[in-house]
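Below you'll find a set of structures to go through.
There are two complexes below, and they share chain A, which is joined by chain B in the first and by chain C in the second.
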Partner chain A sequence: MSEMSRMKFYCDEDRCIECFACSVACSEAHELPTGISRRKVITLNEGKESLEYSLSIACMHCTDAPCEQVCPVDCFYIREDGIVLHDKETCIGCGYCLYACPFGAPQFPRDGAFGAKGAMDKCTMCAGGPLETNSSHERHMYGQNRIAEGKVPLCAAVCSTNALLVGDSQRVSQVYRTRVLSRGHNHIATPKAWKSAYGS
Partner chain B sequence: MANTWGYGAMTNHFGDVVENSKAILMIGANSAVANPIGFKHFLQAKDRNNAKLIVVDPVYTKSAAKADHYLRIRTGTDVAFIYGLLHIIFKNGWEDKEFIDSRVYGMDGVRQEAEKWTPEETSDVTGIPAEQIIQLATLLAKTKPTTVVWALGITQHSTGTSNTRILPILQLVLGNMGKKGGGCNIIRGHDNVQGSTDMCCLADSLPGYYGLGEASWKYYAKAWGIDFNWLQGRFHSPKWMHEKGFSLAKWWQGVLQEEKTYSSSPIRALWVQGTGITSMAQTAKVQEALDKLDLLVIAEPFVNEAAVITSKKDDIYILPVGTQFETEGSVTATNRSSQWRSKVVDPLYESKTDHEVMFEFAKKFGFYDEYVKAMKMDIVDGEIKVVKKDYNWPDDASNEIARTVKTIGLGGWTAKRLREHQENWHLFDPITLRGYGKMKNQYYGLPWPSWDNNHPGSPVLYDVDTPVNKGGMGFRNRFGLEHDGVSQLADESISVKGSNIKGGYPEITKDNIEEVLKIKLTEDEKKKIGANWKVDLSGIIQEKCREKGVCVYGNAKARVKVWTFPDPIPKHREPIHSPRHDLVMKYPTYEDQTNNFRVDVRFKSEQQQQDWSKDFPTMLVTMRVVNLSGAGMLERTSKYLSHITPEMFAHINPELAAQHGLRDGDMMWLHSPQNTKIKVKAIYSHSVTPDRIALPYNFAGMMQGVDMSANYPEGTKPYAIGESSNTITNYGFDIITQIPEFNAGLCKIERA
Partner chain C sequence: MRFKYIILILISLASLAFASESAIFGKDLIPNILAYDKEGSLHLGKWFTLLQSTYFKPIFLGVLLGVPAVFFIHYKIIGPMIFSHDRKKIYVFSVFNRAIHTIAAISFMLLIPTGVVMVFGDFFGGGEFVRINKDIHAISTLLFVISVIPMLMMWFKEMLPTSDDIKWLMILGGYLNKRKDPIPAGKFNAGQKMWFYVCTFGGIIMIATGAIMFFQDFKFDFIASLGLSQIDLLRASAIVHNILGFAVLALFMTHIYMSVFAIKGAIHSILTGYKEEEEVEILHSSFYKKLNKDKKI
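Showing the complex of A and B:
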C-alpha cells in the first residue's frame, strides 16, 4: 500500500476550540442515537491556565489497526486507501475491539435489558460499509457514504477553525507542516495521537 | 464609538486581521464560543503572522485557552484597566503623538485621568497583577498594528458607554486607527445583528441612525412619499413623535410601573418578533410583566419561551414565521458587508415570512398603502416620484433602503449589485475581500459606506491613505466645527489621498457645498439639492463630492471628550453591586437618572443602599455556551445540541464549592440582591477563581425553581430546559443606552 494514498485524520490541538461542530454534524449526518458518539471532542486540563487543550477524536483508521487484530470473528477489513471498516452483520458485539483501541473509538448501543451490547458502531470516515455503495441498506447500517460521492468527511468539512484535517496523509502533513513552520515558535514535532495510530 | 469618530461599527474585517494584525487584544469577547468561525481568523493570524493573541476576561474561556497572554480581570473594571495601560504608555512617551495632534481632539483630559492609574492602583481595582499590566502595555506599544476585539462583555454594563469609548481611545493613542491590521473590531453576536442595528430596530431612532427629530421625520415622510402630518397623526400627540420609546431592557416597567414612568398610558399589548426576551436581564420582572399584559403576540419559527414562562392562560397568540431559508433578501455581516440570500424552500406548513406577517397587520390596521408606497418610487432626474403600480419584493425594499439611507452610505447597495456579489462569490478573495475579473475594483458585500452605485465599499474605516472613491475617508465631522474654540476638523497635514481639498473639511451641506468644493451649482441643482448630505435624495451632493474625491461627511478629528455625556472623559465607576465596597466611595456610580427611555433608573441609591458584598459575596459572571445561542430555544430542540449541555449548570471553583459543601454535580440555589433565586447544578471548573462563578444564559423553561413544562404547546417542549442566569442578573443599566448590567453582579450560594 503506498503511503501516498493512505487516508488519515489529524486534529490540530492549537486550533481545536471544542465547538462540537464535528461531533454534532457526524451524529446528524449518520442519524445516530444520542448514546453513540462516533466522534467526540475532549478537553484536557479544562480551565487550567496554559494547560488546557481540546481535541476531536474518533476512529483514527490506524495503520496496524489493533481492533482488526483482536476481532474473534474477523469482521474488520482495511480498504486500499487505509480506511478501517467493519461488517456489522458479522460483528458479535463482544467488545474486544474497544479494549484494544487506544482511542475509545468503538461504540456500542446501550439500550435493551442489562445494557446488552449490539453490533459495534464506529467512524467510517464517511465511507459506508461492505454493502452496496450508497444503497439504502448501507445508509441504514453505516450512515452516509460521502467518500463514494467524492466528498470530504462531514466532521472536517464543518470544522469551524480548520483544526480537523482529513485526507491523503501527505497532503494532511503538508498543511500541518506549513502551519507549524509559520507559527515560528516551539512546537511538538509529532501531533498527539499520531504515533499510536500510525507508528511514526 | 459613534460618539468618538462617527460610526459605531466594526472598523476593519476578519480577513484584514489574518493578513495584517501583529497583535489582537480581545477583551469582553469569547469568540471561540460565540463566533467559532470568526475565531478561526484569529488563529490564522497566529499561524501566519505569529500574531500575539491577548485575552482579557473574568473567566478562563475557550478563547483564553488559545491565547499567548491571559489576564484575569475583575468584572466591571475595564475602564480602570485601559487607563492602567494608558498610564504606562503616556509615561514612557509611547503614544503616537503625530496621530493624536493631527486627528484627535481632547486628549489632554485623558492624559490627566490616566495619571491616577498607576500599575499598583490599576492592579488593586482590576485584580490583574501589575507586572502583567506593564508587560501588556509594553507589548502594545511595540507591536503595530494591533487590533482590539470586543463584544457584549464590554457593552453590557452600567458603564457600557464608557467602556466602548475607552477602547477606541486606546487605539487612537496607539495610532492604530484607519490602518490595516488595526482598528476596533466589535464582533456582532448573531446573524444580521449589524443589519438590524443599521435599520435601527431600536426605541430611539429612525432607520439609518437618523434620530427622532423633526428634520428626520420630514426626510422620511418625503422618502416614503407620505404626508408628514399624516405620520404625526399616528401618534397620541405630536410630542411623542420625538420621544424615545421604552427600551428592550426595561419595557416591563411600562407594564408594571413600579419605578416612575413617562408615558401616555401603561403598555397593555406586546408583539415579539424575532427576539428571545427570555434571555434578557431581570427575567423575573419580564415574567411579571407578561402575566399582567392584556395581549401577547409572538411571531417566530420556534416557540418563544416568553409564552412559556408566563402563567397567563388567555390572549397569547403564537404566529408561525418562516426561517431565513424560507425567504429572500440581504443581511449585513459584522464587518458592514451585505450579503444576498436566496430562498431555499417556500415557507413550510401554515407559516408566513416575517414581512408577510407585517404586511397583513398593516392591511388590518389600515395603512398598507402608505407602508409599501416607497417600494414603488424612484429618483427621476433628481426628484423622488412614484414610478410603478406594484412593487417587487424584496428587490424594491433593498432599493428603497439604498436610496434613502445616506448616513451610513448605503447608496451602492442596490438589489442588482448585491445579487451580483452573491452570484460571483468565487471572484472574491476571502482575505482581502477584493474582487477579480468582472468584480474587479469592488470589495465583497460592499462594506458600508458604499456611497453610490460606483463605489467599491470601504473595508477599513477612516483610512486616509486610500482615495474616497476607492473606500478611503477621514473621521466623520459629526460634532460641529469647533468646541471651546478648537477646530474639530482634521489638521492641514491630514488630506485624504486623491482629494482636491487639502487637510480637514466640514460635512457637506447645501449652504457650504459651493465654498468647500469650489464649484458653482446651477439654479436647477439648487432647487433639487437637499439641506445636507444626509437628506439629499437628489444625490447631487454625492455626485459633486465624487468628482472632487471628497467624502460627503467631511474630514474631521476623532474626539475623546464627549461634552454632552455625564462623563465627558470616561471614568472608572464601580458596578452597582460591587464586591469591593471599599472602592464604592472612591469610584461611585452616577446619580440616579430621570426619564431615560421613559423610565427612571436607580444608580447611586441602589449602589450605596448597603454593603451588598456582605450578603452576596460571590461575583456572578454570565456566559454563552457554544451549542446554544441567545435564549437557546432553537438549539435546545436539537437532540444532538442538547446532548452537549442537557441541563443548566454553573461553573464553580472546587475551593468555593468546598466552602459550601457542594460536590461536583450537586444542586445549589443562587440568590440575587433583588430577591430572586435559581436552582442550578454545580459543576467543578478551574476556569473560575473562588471569588466568582460563571453560568450560561441560554436556558429557559424553569423559573426560580418552578418547572414551567406544562405551558409548552403540545409537541414543542425542547429536549433541554432550565433556569436562565438572567433571572438573577443584578439590577443596573447603562446611563446612555440603558443596556442591562448582564456582566457584573453579585450572588449568594446556598446548597440545595
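Showing the complex of A and C:
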C-alpha cells in the first residue's frame, strides 16, 4: 500500500467554528436513527479563555485500527486506501471495538432481541460497506457511498470554514502545513490518542 | 424476596441503559479521548486491545483442547475409579441442593458453549448464528443469577478450607493412581471447593462484568466517584470476564470429567441425592469418619 493512497480526515482546530454542520449533514445524508451520530463536534478546554477550541471527530480510520484487531468475528476490513469499514451482517454487536477505540467512534443501536445491542455503526468515510456498490441494500445498511461516486465525504463537503479536511493523507498534511506556516499553530494540547489515528 | 430485588435491580439497570445522557458518547467523550494512553491513566484501552487481539483467543483454545487432552490421557493410562454399587447408599444432597444445582447446571450448559462460540466468533463466521449465541448467553445468565446466591449459602459452611485440603492437593486427590486409599476430604474435596469458589464468587463477578457489558451505556455515581470512566469500566470488565472465563471453562470441563467419566456413576448423586458408601469412604474419608462417629450410617 503506497502512502499516496492513504485516506485521512484532519480537522483544523484553528478553523472549526463549532457549527455542527458536519454532524447534522452526516446524520441526514445517511439517514441515521436518533441517538446515533457518526460525526460529533467536541469542544476542548471549554470555558478556558484562549485555550478553548473545537474539533469535529468521527472514526479516524486509524492506521493500525485497534477495532479491527479486537473484533471476535473479524467483521472489519481495511480498504487499500486505508478506509476502515465493517460488515454489519457479520457484526454481533459485542462492543469490543468500542472498548478498543480511542475516540468512542463505534455506536450500537439497541435494536437486537430484548433491547440487546445491534450491529455496530460508525463513520464509513462515505464509502458504504461490503455490499454491492451503490445498491439500495448498501445504502440502507451503511448510508451513501459518495466515494464510489467520486464525491467528497459530505461532512467535509459542507464544512463552511474548510476546517475538516479529507483525502489522501499527503495532500491533507500539505494543505494543513501550508496553513500552519502562514498563520501559525495556536493549540498545544494535542491528545495522545492522535498517535493512534495519525501514527507517531 | 431475593428474586424481587433482583428483578428490581435489573429494571433499574435497564432504565439506566436508556437514560438520555450517554456516559460514553456524551460529555464524557472528551475526557475519555484525552485520557487515552495518557501518562498516569490506567492504559486500559491499550491493554484491552493487546490482550484481546493477541492473547485471549489462543489461551481459550489452549484450555478448550488442553484440558480434555489431559483427561483423555488420564482416562487411558490411569482409568476411572469404580466403586461398588452394591453397598449402602448415603444421602448427601437434599432436594433443595439438587434443585439449585440443576438450575445452575442448565445455565452453565448454555452459558459455556455460547461463550466459547463468541470467543471463536470468526471461526463460525459471525452473523446470525453467533448473534443468537450472544442472546442465549445473556438470557441464560438469568438462570445463573437466581441460583448463585442460594448455592453460595447452602454449601458455604462445608466449603470452608480445612487442613484436609492441603493434603488433598499434595496427592492431587489421589487421581494419579488406582489404589483405593482413603483420600483426605470432608463432604467436599479441595478440587470441588476450588470449583465452588470460582463458580460463586467468580460467578458473581462474571454476572456483574457481563451485565456491565450488556447494558454498556449507563452511569453509576459510585463508579464515577472512584475516578473510573464508563469506557474504562467496560474495558476492565471485558478483561476480567475473559480471564475468569479461562478458569470457569477449565474447571467446568474438569467437573464434567470427574462426575461423568473419572468416577463411575458419580453423577447420580446429584440426581438422586445418594452417594455409594464406598465412594464416600474412599474419596471423602474425613466425612465418612464423621458420619460413622455421629452414627448416621
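Note that in this section the second predicted complex is superposed on the first by the 183 of 200 C-alpha atoms of A that agree within 3 Å, B and C clash if a C-alpha of one lies under 4 Å from a C-alpha of the other, contacts with A are read in each partner's own complex, and residues count from 1 in each chain.
Convention: contacts are C-beta pairs under 8 Å (C-beta built on N, C-alpha and C of every residue); 3 or more make two chains touch, one makes a residue touch a chain.
A quick note: this is a predicted structure, and the numbers were derived from the prediction, not measured.
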| item | value |
| --- | --- |
| Touching partner for A:Ser136 - first (chain B), second (chain C), both, neither | neither |
| Contacts of A:Ile57 with chain B and chain C, given as first, second, both or neither | second |
| Most chain A residues touched (candidates chain B, chain C) | C |
| Partner chain(s) touched by A:Ser160 [first = chain B, second = chain C, both, neither] | first |
| First (chain B), second (chain C), both or neither touched by A:Ile92 | second |
| Contacts of A:Glu49 with chain B and chain C, given as first, second, both or neither | first |
| Intersection of chain A interface sets (partners chain B, chain C) | none |
| Parts of chain C lying in touch with chain A, wherever the complex brings them together | 14, 17-18, 24-25, 29-30, 32-34, 36-38, 45, 48-49, 52-53, 57, 118-122, 124-127, 130-131, 134-135, 138-139, 213-214, 216, 231, 234-235, 238 |
| Parts of chain A lying in touch with chain C, wherever the complex brings them together | 37, 40, 42-44, 57, 66, 69-75, 87, 89-96, 98-104, 107-108, 110, 112-117, 191-193, 195-196 |
| Contact footprint of chain B on chain A as seen in their complex | 14-15, 17-21, 23-24, 27-28, 34, 46-50, 52-54, 160-162, 179, 182-185 |
| In the complex with chain A, residue positions of chain B that touch it | 32-33, 36-37, 39-40, 43, 46-50, 60, 62-66, 70, 626-627, 638-641, 643-644, 651, 685-688 |
